[in-house]
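Below you'll find a set of structures to go through.
The following pair of complexes shares a single chain, subunit A, combined with subunit B in the former and subunit C in the latter.
Presenting the complex of A and B:
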């Protein structure tokens, strides 16, 4: 019981700190924190697969990117309405996720990873070459939709945008936390531990995996929509493999299978990037890659797993 | 007809890269995400030797040897500590490695593509079209290297050790084969083959730091379609896929032609997950 209340105290402390962030931080860092939250949401979505189901998706950029493009499509072709963008983005991400899930879940281990990677590249090529709809290499630019509820509407300020993102990320986190603790989440973890045995017990492993990929893809799409709304443009770069790779880095740095860890990993990654760019300019990925490899070899549980173990001792 | 020739030439180079990848997978169970970067670094070492006044053949040799040594160092430092851990760990480690190597190349050599001068500039006429000799030489050389690899695996003591390790690691160790050393050698050998193909293919495409991601995805497709760890299957698959892409580019842009091989991969994964050119397991 004491542990549980400790968790909620920590939860509200972090939430309070993040909520107060736009009021006290200067412009640059305010934006920085909002962006970390969005990338953190993407990392969290991928954790459902990497950390809980035990399959690595190297194609999360597809879901993220399709969420972005879906939102942009809704905003440009219909009305500049936030909820419409959300609906279109989620629809696009869900469609792609269903498609990818159907094929990729027939495969295991590395074959799953390669399959997701290849699918994301297919979508990248389609988006890159289908210029009439997607704007090709240049992407699409649009105006930021206002924050609206029926009967009330106000343009986003950096602070309200931050709170909007924070509330969505928090809600998604709580929902995913609930999912991972539900019987469904337990089955996913059983698949991670021993897929054959889970199948032998009588669970339809493939169906569970399909739902896991779809859930993960949906959350990734949500992150994409938020990113599109924040930055007012979409570009094919976000569908490229680099983004998927970064998501995997967030997970490994922060700690797989913890939901909070990947968000921490995203924060560490971007802080490292800011810090190291001063000395290494655009080659910051050299030291980051080395830190990543050291983490894989010496801290397989990631930063959060490491901290947790230190605290328990 | 040109499509047929181009497809064959590209296929041989792709086969050379993929056979290194499949060798490493077959013996070490390591999916080497950094393989494309070894290929790219090989090409860069080639440009350095050429810039210093060396000949093309010297560049080819120096690049292979350099990447062989680099491969050994990489294997000792990053992969050996991971022996016996989850395969996931090696995938992640080599992925991190590819980031480091790719950005190292960007830092060292800059973003401007470099050119490797081709050693032969002659053309010959075929079906009313000029075709460069050099492309034919590439295909023949790649085939020769792969033949040498095959003979090495079949006949040499080290080759027999390698095959024994692939069959049963524990048993091989019990028979006195230095398994860790075999692993290092295999990783280096695969790297050297990638480097050689980088130098060979350099004159056709130019050398920049994005070469790695470009080839690695296609090499993965080849390896999966050919059957993981299956050398002959990889060669067949490489030629098959390159021909397919080559002919597909008659109807669509080269960027879209890639989709054809993607679709082939997915179909293969769904119906013959062990590879197209492997007899169905009974």
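Presenting the complex of A and C:
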């Protein structure tokens, strides 16, 4: 009981701090926090696969990218409406996720990862070359849709955009947390622990993995939509596989199988990049890589796992 | 197919016809036709490499047999995937312990029991399904692992892990339970307890057991089937098998 109320106290403290951020932070850091929330959502979505199901996706850039481009398509071709962008982005991400899920879940272990990687690169090439629809190399630029409900609308301010992103990320987190503790979520964790045993006790593992990939892809797509709305442009380099690699790094840094760990991982990664690129310019990845390796060796549970253990003592 | 097509089948729960499993040039099972009656303990014995585990792997869908049929309750199940076999009420334990090592004893058994209830619920907490948990606890109690519910499977002793293997299989409510060398590596006391457990289980369902310990086999089994280099060598009551000169020659002497 004490642990449960401790969790909710922590939850509301963090939520309160993130909610107050745009009121107290200067413009640069406010933007920074909003962006970390978006990348954090992408990392969290990938945790469903890496941390809970035990399969590593190297294709999350495809889901992220399709969410982005779907939103951009809706905004440019139809109306500059936030909910329309959301619907188009989710539809695009879901379609791609279904496609990738169908093929990748036929394979196991590293072959699953390679399959997701190959598919994401295929989508990268399609987006890069299909200039009429995607803008090709230059991407697409559009106006930010206003925050709207039927009968009321206002242009986003930096603060309302931050709160909008914060609410979507929080709601998605709460939903995913519920899913990971549901009967379905427990099957995913059984697959992570022992795939053949999970089959033997009557679970059609492939179907569970397909649903897991789709769920994960949908949340990654949501992150892509938020990014497009925040930045008013989309570009093919967000669909490139180095984005997928960063997402895996966020998970390992922050702590897999915790949902919030990967968000923390994203925050640390961007803070490191921000701090280190001042001294190392474009070579900042070298110290970041070294810190990453030290984490893997000395904090195998990630930062959150480490912090949890310190707090419990 | 109707049950009448095989009038001699009455009472047979599982029947194989010409079951063959080849690995390259090696026939791990060669034209094995046998039947297992409903109820009680039935043993499969044979020297190492005789094809006993391969037989279980074919029966539980881990391997797709090269040829032949496996008829369960009048239905050919050969080549079905493991999860589909499980849903035909066939469960197994493994010769090499095969658990959710990072999960607790309770979770190992609970998730097995859950497969018969509401596995596709995504929104409610798994602990809200009391029936599944009660069922798992009842199985844990029945196999004698009470008090270990919250222990990680990887922290159990070898004997306890072997017992957990059986508990997981039982939690799926099978009518046929296949145990692959359940007492392997157990102490004499643990073996005695496991034999007692199997005897109790066999009151409610059919047990097919691969076992090396002859005392265990002869004390438990209603029928014994002998495999040798993938071939069916003999089948009969324990007394018949013990008296069979061919069996004595290839197996009991070594």
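The working rule: the second predicted complex is superposed on the first by the 312 of 313 C-alpha atoms of A that agree within 3 Å, B and C clash if a C-alpha of one lies under 4 Å from a C-alpha of the other, contacts with A are read in each partner's own complex, and residues count from 1 in each chain.
The rule we apply is simple: contacts are C-beta pairs under 8 Å (C-beta built on N, C-alpha and C of every residue); 3 or more make two chains touch, one makes a residue touch a chain.
In this text, all values refer to a predicted model and were calculated from it rather than measured experimentally.
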First, second, both or neither for A:292, with subunit B first and subunit C second: first
Subunit A residues touched by each partner, larger count belonging to subunit B or subunit C: B
Partner chain(s) touched by A:133 [first = subunit B, second = subunit C, both, neither]: neither
Which of subunit B and subunit C A:14 touches, first, second, both or neither: neither
Complex contact set, residues of subunit B against subunit A: 31, 78, 81-82, 85, 87-89, 91-93, 95-100, 102-104, 106-107, 213, 217, 220-221, 224, 253, 255-256, 258-259, 262, 265-266, 269-270, 273
Subunit A residues within the subunit B interface of the complex: 56, 103, 106-107, 109-111, 113-115, 117-119, 121-122, 125-126, 128-129, 241, 245, 248-249, 252, 282-286, 288-290, 292-293, 296-297, 300
Of all residues in subunit A, those that touch subunit C in their complex: 178-179, 181-187, 189-190, 193-194, 196-205
Subunit C - residues contacting subunit A, complex: 60, 62, 81-84, 86-87, 91-92, 98-103, 107, 110-112, 114-126, 129, 132, 168-169, 171-172
